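Down below are the structures I want you to see.
One chain, chain A, appears in both complexes that follow, with chain B as partner in the first and chain C in the second.
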Partner chain A sequence: MLLSLLLLPAAIFLQDAPRPSPWLLRPTAIIQPDGTLLEGHEVLIQGDRIVKVGVDLELPDGTRIAELSGVLSPGFVDAFAFLGPREDYRPVTSSLRTADARSLEAKDLDEDRLSVGVTSFHLMPRPTNVLSGWGSLWGSGQSEARVKQSRASLSLLPDRVADRRLGPDSLPGALEILQKELPVIPKSTHFLNFIDTGEALQGWRSLQDDHAHHFVAMDGIFDFGGALANQLVGLPTAFSFLDARTAETWRRLKKANIQFAFGTAQGSPLTLRLAAMKLSRATKNPAFAMQSITTHAAALVGVSGIGVIAPGAYADLVLWSGHPLDATSRLKATMVSGMTVYRANPLEEK
Partner chain B sequence: MFALLLPLFVQDITILADTLHLGTGQVLSHAVVSLENGKIQSVMEGVSHGFSKDAQQPEGTYYLPEAHLTPGLVDAYSFLGVHTAGYTVDETKESGAAHALSLTADLDAPGFLHAVENGVTSAFLSPDSTNVFGGLAAFVKTSGGNPFNLYRPALSAAKVVNAAAALKISLGLDASKGNHSPWGKPQDFRSRRPTTRMGTVWEIRRQFYRALSYKEERGNGLADANADLDIMLQVLDGRLPLRIQARRNNDVQTALRLKDEFQIPHMIIEEGSESWRAKELLAAAGVPVVVGPAYDEVSRAVATGPTLAELRLLANPPAVCCEGLEEPGHEDHAPDAHVVKITGFAQDLLLATTTPRYDAAAGSTFGRQAEGEKATPATPALLWKAGVSCAIGSAEAHDSALSEASLIHQARTAVQWGLSPEQALVMVTSKAAMLCGQAKHVGQVAAGFDADLVLWSGNPLVGTSRPLLVFVDGRLAADLR
Partner chain C sequence: MFGMGGSTPRILKVSGTLAAGMVDLWSGLGKDLQGGDRHAVSSRRMKDNLLLGTADAQDQQLVSQILGVRDAGVALTYLSFSSGGMQRGLGVSASFNVQNLLHAEGAEVLELSLPGDAVSVHATAEGFREIFSDAQAWRDSWDEYDGKLEKYKEKLEKYEKELQEYLDKKDEEKKESAAGQESKDKKEEKLPTRPKPPKKPQNKSARDDVLAAMDGKSLVRLEAHSFLAIQEAIALKKEFGLSLFLVGGDDAHQLASELADAQIPVVLSLSTDESGGFPEQDMLSRWMTLEDHGVIVALSSGGLHKDLLFMAGQLIAQGADSEEVWSALTTIPAGILRLSEDFGRVRVGQSGSLLLFEGASPFDASAAVRAHKPR
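And now, the complex of A and B:
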């Protein structure tokens, strides 16, 4: 096991140099988001991308081979993590961008992310304004090379947008502001719409706005999940609403063909995998849970090439000692954009 | 579950009733009511049938011996789904006339289930009174909508029938709650008028004058569209009724002055705790009242007005002037010496500890304790005798699962305080429907009306009767047999 770690790509030591030579990864198995377990498959990566996935791949010249003992999964995607600072000067701050705010050297939290398999995270402004600004997608531990502007943030959380100096202080006030502001927002804008009540959903529908949007149910989804059938919905992993019937609520949501995309919101990156594990237990469907932190999360962010192991996707891979949603499995190493940026302490891996 | 919601199959139904209250005050016996496509198709009287209690009845036919059939009750003034939805009124400004309550009310609140179980099939949802202009009230059926909540049965949510049933305005102190003068406090949007009863009326006048000049400017193409002022113009043109919450006698009279000043064609007083004191003025102006709850029990001792004995005295004044009147302080001869009156701090304490429904209310009950000292459960009787058009509303009573405060209970209370049973039933059915602008659709058992019906175990105005079957739009919404 120690040997396999030593054989991992050494690219981490060559971060700044161009990496022309491809690597072939030979894990014990590959787990795809849809639940399929591919045994004996190989992954060929070049630069920051996956080139091929299959059996007995034809190797270009100079390919180096890494034998990996463990299960390789796609890196997890955190569908929404809130940026610390907030700009509360006005209820509408639609031109703010989280990409402008994050220090590129702020790697502390990224270390936490990598240690639990989160390779991409979607940084959203805190939903404390009715229109809070634009989010951005980041690769964990990466420089600006992968930063992409993503969704705009729209919030109908009356308690959070309430402002006793300027207004609005309730849902009708927030709706009135949207009625004025939405027509001047470019049609190409795609919103993440943060809600926590059925009334917010009802009010939003009454606006008859045709901007593309996904709902993020910050709380109380049991109270309005019935109206979101067949949709992709964001859910926070910080379980302020975790109660005795959360598992049953999740089963009912799945029955209504609602797809989950988990985001950590203000919570720790660790909660992402924990939420997926809990969802897997509740629905007895590991694939459904796996999608909630990979492909569905990527769909909520609107970015392709993350959360999958497929040709053309970013080489964001995580090596586990077993199935990633098995509580006894441990993370062995994390690769982002073709570079091994995290390795579990070999001493702990005995 | 969701596949079930889509095809709404309404079965044709026949109901046989030994006693049928039409909702207009008329009573038929041995009646047959047939329902089709959610409407009442026909009503026949004096039909003899061979059904007995034990006989097997055909599918879609309902006969319960001794049962009374009435129209579904219409709650003409309710906060169903309003207080449970958090703050439904935005306090940024006092004049949110265009805010529609139908959008922000909690239409699958448990209160609607309680309402159905107590025979209420449609309700007027009134915006809370924390703003001078509370916005657009909604008229809903209490059942038949698809709930958003994952745990509610299908079709158990309320269904909006009219999203703009009236514009709600509040007089009195409710609306000034929270506002403050600009001195001594940090500046915010609460540094504004009104902070007094006078200020509330000033705000109403200001907005209506704004609406009038807006109309002129709009005609000349000088003003941009303003949703709030458009709503007020609808009120001034008589296209939209005005609901005006007024509890104290002077507030009721202020409302009548505003009606004269702005020539408002369609005004309805809401709550009207002391409206009986202005009953002659109301009758002369032709302004109807939807009376709110005035409980008569010690634990909900909101009504501290005249007692039954005092009212009898008022109704039959002694022939000789001053003979029956006592001097103040004559405890021995006080007409209500046997009645324990709880007032002041004790009343506040009692209300705070014994009645959870008051905690939920944001603005409506804030003033109910402070305003309307002369409130009495006899208000409907007094208004009716004076010729004032009147209905009864339950306010927030159905938020609680207790049926003792429900709408029919309030009608029963009104009967105990002097109203005739026929009129009491009219006030929670056809008259209520009329004051909600739904006179042609609900509140009566007649061909062409919505098939909203309640089969009671006995005369609904008798305290021991309870609903057995409740139909909303021809669908059996509650089976409580």
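And now, the complex of A and C:
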């Protein structure tokens, strides 16, 4: 194990600007876009992007080769994290932008994410307002270059948006505000809609709003599973306790063709991989589970090029000692934008 | 896990790895019963509060939790009092039958808990000493009573003899009087006094449980986390000869050799994070320190049974030996509960609660689908 880490060329760990010269990564196996494991595939990266993926790739001149012992997975995408700024006293704070939250570049926070394989996180305003402002997608450990404005936040969580002084104190109150505000919001705005009851979903439907919406079911999805059939739905990892009821609900949701995208909300970044393991156990479908923290999570954010090992995507890659859904697998190194930004301490030989 | 009823053997072909169900000594399951304090012996019994049937159970959340424990791969779960005073009552282990009903296994376990802070830990330990000393004194008073009873019986015998003699004499006097032979210098015979029986010691049912623990007939589960609390736990075991196992044990590694000398097994919790996270980084080294000193260590979920396998797997990722982890989840806790005959192994005569895993490892959630292509 030690040896394999040493085999990684030193240059690939340099934390300076992406180097133009291409690298061929030859891991034991890679995780395919559908979540399955594929042995013997190689990944060619150049600069911050993946250029080619396949077997016996034709290599450009000057390509350097890195033999990697382990499984290469795409970096995980946290579909929504509430760590950004908040404004508690007004029901509508549509001008708040999490992209302005520069303090979040704090190194320890990034290290927490990188050490558990999370390379992108979707920073959303805390859903404490009916309209809470704009989210943004960040690359863990990356400069502002990777920060991109994303979805607007709409919250119908009565116990969070209710404020007797200035806000509504009930769901009808929140809906009344939306009735007034939504028509003046540009049609191109795409919302993440945080709800926790079937009643809220029904209430929102009564508004007949024609903006694009994705729903995040904040209190599990028991209330409205059927009503969200065939959709991509966000789920917080904090509620992903794998008891019998949750497992059965998840199986039924999958059967209703609901796609999952996990977000950590206020939870720890390490709950992301754990949630996927549980989803895999419950549905017996590791591919479906992997997608919940990679491609589907990226789709909920509304970006492409993350959460996937494919040509054109960011070289956001994680090297594991085994399949990432195997709890005994160890994270060895994390790469963001073609640069290795985190390395685990090698295990002591026993 | 699956159960098969009926007596006709049938052949069921399965692919994957078959393993014994896990034994979780710290499940966090159990009714939140109020009561109990450090100076009184609680007679609350978990056995009386077992959910007998999941179908008619009122508490749906608890039912879901119980099914979750089964689904997580646990065959035997220890049900403790989640709240209450320092002397909590009697907990019990339970398995699941085919209908998912809980079934009590083995003897009841006396539950004690020592707080972490320096001020109250000694006071609480003193409270326990009082409880055990009282029980001892009560037993001594029965011994004393037995001795007195013996003497009483002797006295009673003597009294009955004297009484008979008295009555015989009276009869003789009557006869003499009838015959007119009344003697002038007749001495008045005194009626013998009946001896008083000794006073019985007062009876209290919970004391039997305390005595059983002192005789090593039943187990004591003591929750202690801090250095001071664990020191007290070791002292209590030595003073009263308790068959004690420790749960918690955050600082147990600092007292590893003392725990080994006192032959106190330690149950560590894999969950330190209420959000369902992985075990702390230093968990592995704490465990290894205890093992190196010869302490018997079991791993438990600490209440987050649903994630037990994943949390244990993470320990292996940190460098633990997978077979040692598996033993600490099966045979070792079964041994601590004195239920090795029935749980922890796939063996003739053992519980039929088995786990079937796809792939080679119970910790791997990725095993179901794998495409392989040679390089």
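The rule is short, and it goes like this: the second predicted complex is superposed on the first by the 325 of 350 C-alpha atoms of A that agree within 3 Å, B and C clash if a C-alpha of one lies under 4 Å from a C-alpha of the other, contacts with A are read in each partner's own complex, and residues count from 1 in each chain.
We take it that contacts are C-beta pairs under 8 Å (C-beta built on N, C-alpha and C of every residue); 3 or more make two chains touch, one makes a residue touch a chain.
Note that the coordinates shown come from a computational prediction; the quantities given were computed from them, not determined experimentally.
Participant: Let's test your reading of the overlay: on chain A, do chain B and chain C clash or fit side by side?
Facilitator: Fit.
Participant: Of the partners chain B and chain C, which touch A:A99 in the superposed model: first, second, both, neither?
Facilitator: In the superposition, A:A99 contacts neither chain B nor chain C.
Participant: Looking at A:P172 after the superposition, I want to know if it touches chain B, chain C, both of them or none. Which is it: first, second, both, neither?
Facilitator: After superposition on chain A, A:P172 lies in contact with chain B alone.
Participant: Could you look at A:T271 and tell me whether it touches chain B, chain C, both or neither (first, second, both, neither)?
Facilitator: second
Participant: Figure out whether A:I30 sits in contact with chain B (first) or chain C (second), or with both, or with neither.
Facilitator: neither
Participant: Calculate the angle at chain A, using C-alpha centres, between the directions toward chain B and chain C; round to the nearest 10 degrees.
Facilitator: 70
Participant: Is it chain B or chain C that touches the larger share of residues in chain A?
Facilitator: C
Participant: Closest Cα approach between chain B and chain C after superposing, in Å?
Facilitator: So the smallest C-alpha to C-alpha spacing between these two chains is 13 Å.
Participant: Please report the chain A residues shared by its interface with chain B and its interface with chain C.
Facilitator: In the superposed arrangement, which is not itself an observed complex, chain A uses residues 245 for both chain B and chain C.
Participant: Residue numbers of chain A touching chain B in their complex, please.
Facilitator: 158-159, 164-176, 197-199, 201-203, 206, 221-227, 229, 245, 249, 252-253, 255-256
Participant: Name, in rising order, each residue of chain C that touches chain A in their complex.
Facilitator: Of all residues in chain C, those touching chain A are 64-65, 67-68, 70-72, 273, 275-278, 306-307, 309-314, 316-319, 321-322, 358, 361, 363-375.
Participant: If we count contacts the way the header does, which residues on chain A are in touch with chain C in the complex?
Facilitator: Those residues of chain A that touch chain C are 32, 35-41, 55, 237-238, 240-247, 267-268, 270-271, 274, 276-278, 280-281, 284-287, 289, 321-330, 347-348, 350.
Participant: Applying the document's contact rule, which stretches of chain B touch chain A when the two form their complex?
Facilitator: Residue list for chain B touching chain A: 1-2, 85-93, 96, 98-100, 103-108, 135, 146-152, 187-190.
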